[in-house]
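I've put the structures underneath this note.
Shared between the two complexes below is chain A, which has chain B as its partner in the first and chain C in the second.
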Partner chain A sequence: MPGERAALIWGVVATILVVVSTIGVFLVAPEDADQGVIQRIFYFHVAIAIASLVAFAVSCVAGILYLRTRSARWDDVGEASIRIGLLFSVLVVITGSIWAKASWGTWWVWTDPRLVTYLIVVLIYAAYFVLRSSAEDDRRMRYSAIYAIAGFASVPLSFYSVRVAESFVHPVVFTGSGANMPGSMLIWFVVSQAAMIALFIALLEVDLVGRRSERALRRLALRLENA
Partner chain B sequence: MSGGSQYVVAAYAVIWFLVLAYVVVLGARTARVGRQVEAITRMLDRREGREGDDGGGGAD
Partner chain C sequence: MSRRRQLAALVRKDLRLELRTRETIVAMVLFAIVMMAILQFGFGTRDDDLTRFVGGLMWVTLAFTAVLGVGRSYVAEREQRVLDGLLVSPVPRVVMLGAKAIAIFLYMTAVEVIVIPLVGVFFVQGPYWDAIGWIAIAALLANACIALSGTLFSGLALFTRARDLILPVLFLPALVPVVIAAAGATHAVAGGPHDMSEWRGYCLFLLAYAILFSLVSVATYDAVFDD
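Up next is the complex of A and B:
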């Protein structure tokens, strides 16, 4: 089946990239002169954060495509993307808190717009599953698609909050003028980013294969019972 | 460990633990689908066996 093959290929690509990026981050990338070893959290923390926003963008596109086609396939893509995006978001919050404790001496800063707006994004997407469980069949898919599209409005809010805020403690590495890091670090960030995007696609493909199989099995079981 | 390396280890341990846990959950679902396939296969085998017995009796 093409879905299973894609899941296998992306699984292999993600595994290779994750291993290469882990080796690069810990053994090859230079140590930051300012933050020292704790700066190495940056590579996966930021890469996972961007991958989570990509996952939410995919769910938004899937929501639009569902409303246009009414195909359950796009509902599957939307739900799986948000589930993976939420997993990644939780990882971003946890690794960010660990980094904050090491760097700022505190687990969380409520006055920082980047942290607070990102937490709001996480809560908005967590509420998606509450909405899904409150409706059935076509109505559930329709509500979920609309919520995924509306929820995506919170993503630019988080992304631009740190840029428009007057005071913050969260560093901004990528600005309009480029990346504020040397090329020897940037290359390993790019590899880490590729690894996290590949991991997202691999998890999405595996999830979709499982959903398709479950749906096919349910149809088969129903036919057998009725035969 | 010194210089904050325990924080780096903790951050990466959390990442790999949660990703692995998610993969295990997906694997468990795949295993459940596999068990359902086996159940349906058994159901089909039983049905074919019954139809075979009925067909055999009718021919005699």
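Up next is the complex of A and C:
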């Protein structure tokens, strides 16, 4: 089964990368002069945030492809991507909150637009599942696809909003002129990022294999009933 | 019939229905005033100066008023089966989208014609009409955002189970960036000396939101009523 093999390969790749990045982040990467050990959460916080955005981008593309082809396969990809993206987003909010407590002395800063808009992104994608559960069959897939596209439109808004207000405290590491960190840190950020993207793909593949198996089982049960 | 005439006819239909029944706008205005009174009592004591909360007070009120208005906007289509007639008529879906968005925009503007000057009387410091003018421009941009996203989400909620519950769940998270920006723009000009660079930044954000949601709505609205 090509799907199962892909899930296995990505699972192995993700495991290796997560282990390597964890060792690198905690034992090899230099400590930040200002923030100390807590800065190491950055490698996971930002990497998970970017991976969640990738997941939402995949769900948006799957939504477009569903509306074009009306194939249930794209609905599966869209739903699984949003499920994983939402899980990653909750982790972003939790790790961001821990970092905020250590750096700013408080668990949450309402005046920081990026934290707040990220919470909005979480709420938007949580509503996806409410919409999904209140419609049936073709309508459910169609509405989910439309909502996945509309939801993804909110993601660039969250990035734009951080630069609208002048008084914000959120550190902006990646600017138009490059990354504000030395190469010895950047390399471990890149490894962490690769690990999180690989983890997303592995989870997606496992989810899709699960759905395919469930459908196959249902077909088999139907055939047995008819026999 | 050209698209422009179709659009004008559909907008006229919504406005004529509203003028005959006066159900939606009157209820929206009353709701907004009651909501603002409740919020006013909810904030602090009577001798507190609430000018710094004016943006939040006004736009939280208008966001909930928008949910009410958007929820009512498809009542005739659903209950009097207007939608059946529209869907079999040779009217492109994008024209239906445009007409509904214009109707919601006009409903919101009608509410704000009363609410904004009222808010100004109680909260604005400095030159009254000057501040009201700048707030009104931001409000028109915010109305465009509300109308475009509201039309799409109310279309999605129309045939779902528990649609009255689904609409706020879908619509309010998408409205949060609009509330942040509109409240920020209001705050920038309401408290005495105007901070025009901040006002401009928030207005640009609202413009970007409106453009993005108009693209998403135009691209996906065909699929909303694809039954």
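The definition used in the following text is that the second predicted complex is superposed on the first by the 227 of 227 C-alpha atoms of A that agree within 3 Å, B and C clash if a C-alpha of one lies under 4 Å from a C-alpha of the other, contacts with A are read in each partner's own complex, and residues count from 1 in each chain.
Here is the rule we use: a contact is a pair of C-beta atoms (placed from the backbone, for glycine too) under 8 Å apart; a residue touches a chain by one contact, two chains touch by 3 or more.
Keep in mind it's a predicted model, so treat the numbers as computed, not measured.
With chain A as the common reference, chain B sits beside chain C without any clash. When the two complexes are overlaid on their common chain A, residue A:47 makes contact with neither chain B nor chain C. Residue contacts after overlaying the shared chain place A:208 against neither chain B nor chain C. Seen from the C-alpha centre of chain A, the directions to the centres of chain B and chain C diverge by 120°, a value given as a multiple of 10 for the model superposed on chain A. By the touch criterion defined above, A:55 lies against neither chain B nor chain C after alignment on the C-alpha atoms of chain A. In the overlay built on the shared chain, the residue A:197 is in contact with neither chain B nor chain C. By the touch criterion stated above, A:67 is placed in contact with chain C alone, chain B being left untouched. When the two complexes are overlaid on their common chain A, residue A:145 makes contact with chain C while staying clear of chain B.
Touch criterion not met for A:155: it reaches neither chain B nor chain C. Annotation: superposed on chain A, chain B and chain C show a minimal Cα-Cα gap of 25 Å. Residue overlap on chain A between the chain B contacts of one complex and the chain C contacts of the other is empty. Of all residues in chain A, those touching chain C in their complex are 67, 113, 116-117, 120, 123-124, 126-127, 130-131, 134-135, 139, 142-143, 145-147, 149-150, 153-154, 156-158, 160-161, 164-166. Those residues of chain B whose C-beta lies close enough to touch chain A in the complex are 3-5, 7-8, 10-12, 14-15, 18-19, 22-23, 26, 29-30, 33, 36-37, 40, 43-44, 47. If you check the complex, the residues on chain C that touch chain A are 149, 152-153, 156-157, 159-163, 166, 169-170, 173-174, 176-177, 180-181, 184, 197-198, 201-202, 204-205, 208-209, 212-213, 215-217, 219-220, 223-224, 226-227.
On the side of chain A, the complex with chain B involves touching residues 22, 36-38, 40-41, 44-45, 48, 84, 87, 90-91, 94-95, 98-99, 101-102, 199, 203, 206-207, 210, 213-214, 217, 220-221, 224.
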